[in-house]
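Letters A, B, C, D, E and F mark the chains in the order given here, with residues in each chain numbered from 1 onward.
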Amino acid sequence: MILGRSSWPQAAEFLKDSDSKVVLIPTGSLEQHGPHLPLLTDSLIAEAVAGRVEALRPDTVLLTPTLWLGASEHHMAFSGTVTATDSGYLAALNSVFASLNRHGAWKFLVLNGHGGNEALNELAAREASRQSWLAAAAGWYRFVPDSVWEATLTGRDRMIRHADEAETSVMLHLHPDLVAMEKAVDDGLEIEPPVPGLASGFHQRTTHGVLGRPTLATAEKGAALLEAAVQGAVAAVDALSGPLGFLQPED
Amino acid sequence: MILGRSSWPQAAEFLKDSDSKVVLIPTGSLEQHGPHLPLLTDSLIAEAVAGRVEALRPDTVLLTPTLWLGASEHHMAFSGTVTATDSGYLAALNSVFASLNRHGAWKFLVLNGHGGNEALNELAAREASRQSWLAAAAGWYRFVPDSVWEATLTGRDRMIRHADEAETSVMLHLHPDLVAMEKAVDDGLEIEPPVPGLASGFHQRTTHGVLGRPTLATAEKGAALLEAAVQGAVAAVDALSGPLGFLQPED
Amino acid sequence: MILGRSSWPQAAEFLKDSDSKVVLIPTGSLEQHGPHLPLLTDSLIAEAVAGRVEALRPDTVLLTPTLWLGASEHHMAFSGTVTATDSGYLAALNSVFASLNRHGAWKFLVLNGHGGNEALNELAAREASRQSWLAAAAGWYRFVPDSVWEATLTGRDRMIRHADEAETSVMLHLHPDLVAMEKAVDDGLEIEPPVPGLASGFHQRTTHGVLGRPTLATAEKGAALLEAAVQGAVAAVDALSGPLGFLQPED
Amino acid sequence: MILGRSSWPQAAEFLKDSDSKVVLIPTGSLEQHGPHLPLLTDSLIAEAVAGRVEALRPDTVLLTPTLWLGASEHHMAFSGTVTATDSGYLAALNSVFASLNRHGAWKFLVLNGHGGNEALNELAAREASRQSWLAAAAGWYRFVPDSVWEATLTGRDRMIRHADEAETSVMLHLHPDLVAMEKAVDDGLEIEPPVPGLASGFHQRTTHGVLGRPTLATAEKGAALLEAAVQGAVAAVDALSGPLGFLQPED
Amino acid sequence: MILGRSSWPQAAEFLKDSDSKVVLIPTGSLEQHGPHLPLLTDSLIAEAVAGRVEALRPDTVLLTPTLWLGASEHHMAFSGTVTATDSGYLAALNSVFASLNRHGAWKFLVLNGHGGNEALNELAAREASRQSWLAAAAGWYRFVPDSVWEATLTGRDRMIRHADEAETSVMLHLHPDLVAMEKAVDDGLEIEPPVPGLASGFHQRTTHGVLGRPTLATAEKGAALLEAAVQGAVAAVDALSGPLGFLQPED
Amino acid sequence: MILGRSSWPQAAEFLKDSDSKVVLIPTGSLEQHGPHLPLLTDSLIAEAVAGRVEALRPDTVLLTPTLWLGASEHHMAFSGTVTATDSGYLAALNSVFASLNRHGAWKFLVLNGHGGNEALNELAAREASRQSWLAAAAGWYRFVPDSVWEATLTGRDRMIRHADEAETSVMLHLHPDLVAMEKAVDDGLEIEPPVPGLASGFHQRTTHGVLGRPTLATAEKGAALLEAAVQGAVAAVDALSGPLGFLQPED
């Protein structure tokens, strides 16, 4: 069920049997994605994956609107980027958890479209876990199997980068009118800094805000990735909505 | 310009002459609107008004995505409602101001769709003013002239209530598929508490979450109200984008 | 009962039957009021109204000391003004609510003297309402009926402005020794900015810190306004202290 | 100068030569003081001392209203007590410092009447020091020389306790109408816990909320203590308002 | 028992009878101690005292690792000093209290080595007391009887200063390899500012970061002080671990 | 240089040429590590690796004391575990960064021993990066090459788990007296939950608090892992202390 399009009696009815329901929360960003992609790219992809998951499991999934205000400080050197503060981002996500829990929901899946949100999503899920709620948070790209990454893209690992072949392909599939392929440039291809876990701004690692090879993108590749992500996320929804045999019971 | 659909070079180009640009930020809620309207009502209306304003002033307005997570604690007794915390709401709005200011923008108009956000929007605008930015925040209903209210609706004042004749009419005009008129009930019509400024939950004042007479709503009334709001908001954008003769200069 | 002058056994006795008691909390400011009024004007007026209400309903009202540290950032361009932070102001007001609730009180009336506090008072009252306490917050001027405003003042609406005919009149009635009428100047009379909800500092809208026509003030007008405000506030106290038929019971 | 009774041009004039001015801020509490003293005792005493200091040094001292909302959690078992949160208390005091510093003031003396505020006053003064302001914070009792304590009271050290011979004496001198000597009881006289720095509530250490022997109090003793405190505080004001030879210059 | 060296089943066993157990938490700093002492001085001393207390009462004391990150803003003009924020320090100490309370512990003794932590330790202990836990916080120097101070040191009072005869002596006893006596200088000996409670940085009161006469230090003096502190702290542990006859029961 | 053992003049001298210095900050935890390892395991390992790195690069590395208070909420079902709050942990780490930056340092390497800290370390490094400091944060295990993991351990990937073969081996090498091998049990070996990014407590996934096969541990394996981690961390220090050719210059 799409929460935003429902009335309160419909929400009440849906959440009566909350043990079998999964709240699905898309998280994204409003941040630069190179000269060829729109600022809302991460949000649009997460929203599209989540929307398809809801369409496939309408009786299980309660889909919220997209949290489009992400943690994008590392992109702020590029115009148009809007970043949440860390605490503001956590407050928003926690508010969705806590509000819907007051209506009975206790299983949550955060479907993320922006790498910069990952640490915060993990903290939010941990906090939810502390409240004895069940919460998982993962980027859509984590639902794509390695085999699909390998079959689809040109020599890269599962780790998604930024405005790259993968993201551009998905956007070509979803919103071709918002992609300016003639402006796509390969960028940020130099060797990684030899220090693990180094924080840096995108202006320090790229020229145009791109990490990867968007010029290789096609709508077909995007369709394949999106489809795989949707299937993976549906499987996660199915696992969460059933009995949780993989966890020991809380006494 | 619609920020979310633009690339960062487009945003950079747009904000070069930031003195004549106005950032337009729709704010709404995800909260109960009676048995006949969807939870996202406030957000959809604010977004529609703002979208029309941008369409009329595309070279002046920088339209952000809608902040749909509003301050709705007083509706939490009705299922499906999601409420921000006060501090989380302020953080989100301040993040939009502050991020875009780092890209040069300094004039902001918050176009609100939810009465419960008003106090917080005022605080955010005050804080922006302290930063020497120019910020105004007003509900779309404040842009509708008294004469239009009187000509359009059935015996009421400019003060909008909740899921009432006015909101339902606008939704019938914008999203008739999301309105279940057969479930509309007039509600909350008793005399107001004889104490000004009394805080209360909607479950204490209504039976169904409605304050007003939605049964009187028509799409025509909604079109008239929406059109008037858009015209009023355009006038505000024009005033903000020009020289600010109505304010004394800051030395 | 005046809380500050009472001992703890007296407070304990008074709050035994807390359903019929109303805590009355005056809120004001320490901020510029033009060249003719003292910085503590808002606090002195709120305190005077509240004091008279307590004197008329000593067995119902528990009067706290005045919270004189208000939200006055928009006056900070004028010397002597002291402003609370928003969060600090809320903390103070919430502390009064929460502390007295631990002693049994649960009905609160915030009697405000400063427009800049209104948004914060509303947030505090909402938070109190969330705690299932009963809280109302209103400026003393809201207790004055329209008919009295019209009969008393020279062509103005109920909306009070700043250091104007109304405030100066009340101060002439209460504290003539603190009013320097020879320094009173009419100020800030230009047309309002054509943008609703625009935040601005008083240095941007006035020359001397005054919004209105204090030169028209008289002690007689002040006495009339004060008397009306006291009567209105007493009526609110009476309503709050009785059975709350105007609210649906919380289950 | 008494800030609250001044206009903004008077404040501006006073703070022109801010190096020789000292802002004097009385801090107190609204907390139980046994069955014989009013809840506002600490605030009334601090206010009285500060008022006399201002009267003796009107051209040096800028006296603010009293911060009566103190840190009184340890008295909350007794009715009527109102306590600030720690962060709320700090916010209030810091707001006074910061606001007046924006008008030029940078020397502050916090004149405290409540032991429970001491740790917080120290933190606030430290924070002020970090801002390169000059801030001192001390209870009025610290300005009374040991010799006066010994000459005045009956066998006790300089350390003031609570609602005891000293406080009751000062209140008999200042506000005899607010003291119910017939209800005064000696209390809390047992040996101290054999653990330094043990936190405890007053309900754990006293029967009636008193620590000491208020039955020994007289107005004469109170007058002597008050006079000594005023003289000591005036000396502190004089030291602060002059050149600060006792500190090394900040480069 | 030393918590950090124990396994969770050992901790569980130890805390079974939590009424007789005292959690011992050393707090210190990482701040300048003149040219002759290491930055970790306060932490090393607190840790040494606490370690000896644990060794004497292994069945009663649960010794945590040392909180070495203290409140040292007033030393920040000297290189190498690291200071906590006030709120960060409180969060750390409260986390230790709250975490161990969830495992059953409710009696806490904070053994402090740094004067700058005292106000914060008091606030933390008060907050613990509010939670109905038993918490005491005191510097190791407060456990040394006046008679030992007088017999050991050269003309000084019980109040410890900084990097002085006392601290240097204790370090000579504990860690002679970390003391550079040839660099010790007497410093900060001028008369105190004639204003009680004045906040200041150490760069404003000393030349080398020393307050006192470290040149008088000897390891023998240090051994005497340390031994006395340990005995005093053991007595406090014994009092806290037994029945609390010195407090009235909480109902 | 070891900061805690240095005096402030030594710190000042060391940080004169801060472009070539790297502050090394070990972070760990005080949390359950099964029945056979001590609660301080993570901290001891991080401290050991960092200590060896400092010993190999004494002129480059400024080693701080270990932040042993980690984010361990997910272990709180096991006694003895102490957890920081997220905000408290961030405050501590940020305080170390910010304090040492005031003394000139601007390159930081956080050497982590506890997986639960990773998200927070990333946030702290990002915030440092926003301040234009250079900050990297990585677990010691990330410095061990895949080839070493494969050559050393029994069928596992680089991802370290908890109290497992790897951690137990390193502890057998470092602190054999603190390891109770007779109590080691293999645990938590069931298949992972089929949902990526699922937050859970260790009591939901293990019986004894162990994730892995500690029974396979040997001191020799531990020595090999530790040595590899030290070498990897030294390489990171060397990269950070030199010219940063791998980053584009900040204009």
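Note that a contact is a pair of C-beta atoms (placed from the backbone, for glycine too) under 8 Å apart; a residue touches a chain by one contact, two chains touch by 3 or more.
This is a predicted model, so every value here is computed, not measured.
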Problem set entry | Each chain counted as touching chain D and chain F at once | E
Exercise. More C-beta pairs touching across which pair, C-D or A-F?
Worked result: C-D
Seminar exercise, completed: If chain centres are mean C-alpha positions, then the most distant from chain B is chain E
Exercise. Based on the averaged CA atom positions, which chain is farthest from chain C?
Worked result: F
For this session: Name the pair in E-F, A-F or B-C that forms the same interface as A-B; by residue number, over half of the contact pairs must coincide.
Result: E-F
Exercise. How many angstrom between the C-alpha centroids of chain E and chain D?
Worked result: 28
For this session: Return the distance between the CA-based centres of chain C and chain E, expressed in whole Å.
Result: 48
For this session: Return the residues of chain D touching two or more other chains; collapse runs of consecutive numbers into ranges.
Result: 87
Exercise. Draw the chains as dots and join the ones that touch; what shape do you get: line, ring, star, complete or other?
Worked result: ring
Exercise. Ring order from chain A, via chain F next?
Worked result: A, F, E, D, C, B
For this session: Flag every residue of chain F that touches chain E in the complex, lowest number first.
Result: 3-12, 15, 30, 32-40, 43, 64-65, 67-69, 76, 78-85, 87-88, 91-92, 94-96, 99-100, 102-104, 178, 180, 183, 209
Seminar exercise, completed: In the complex, chain E touches chain D at residues 73-74, 86-87, 109-110, 118-123, 125-130, 134-138, 142-143, 190-201, 203-205, 207, 235-236, 239-240, 246-248, 250
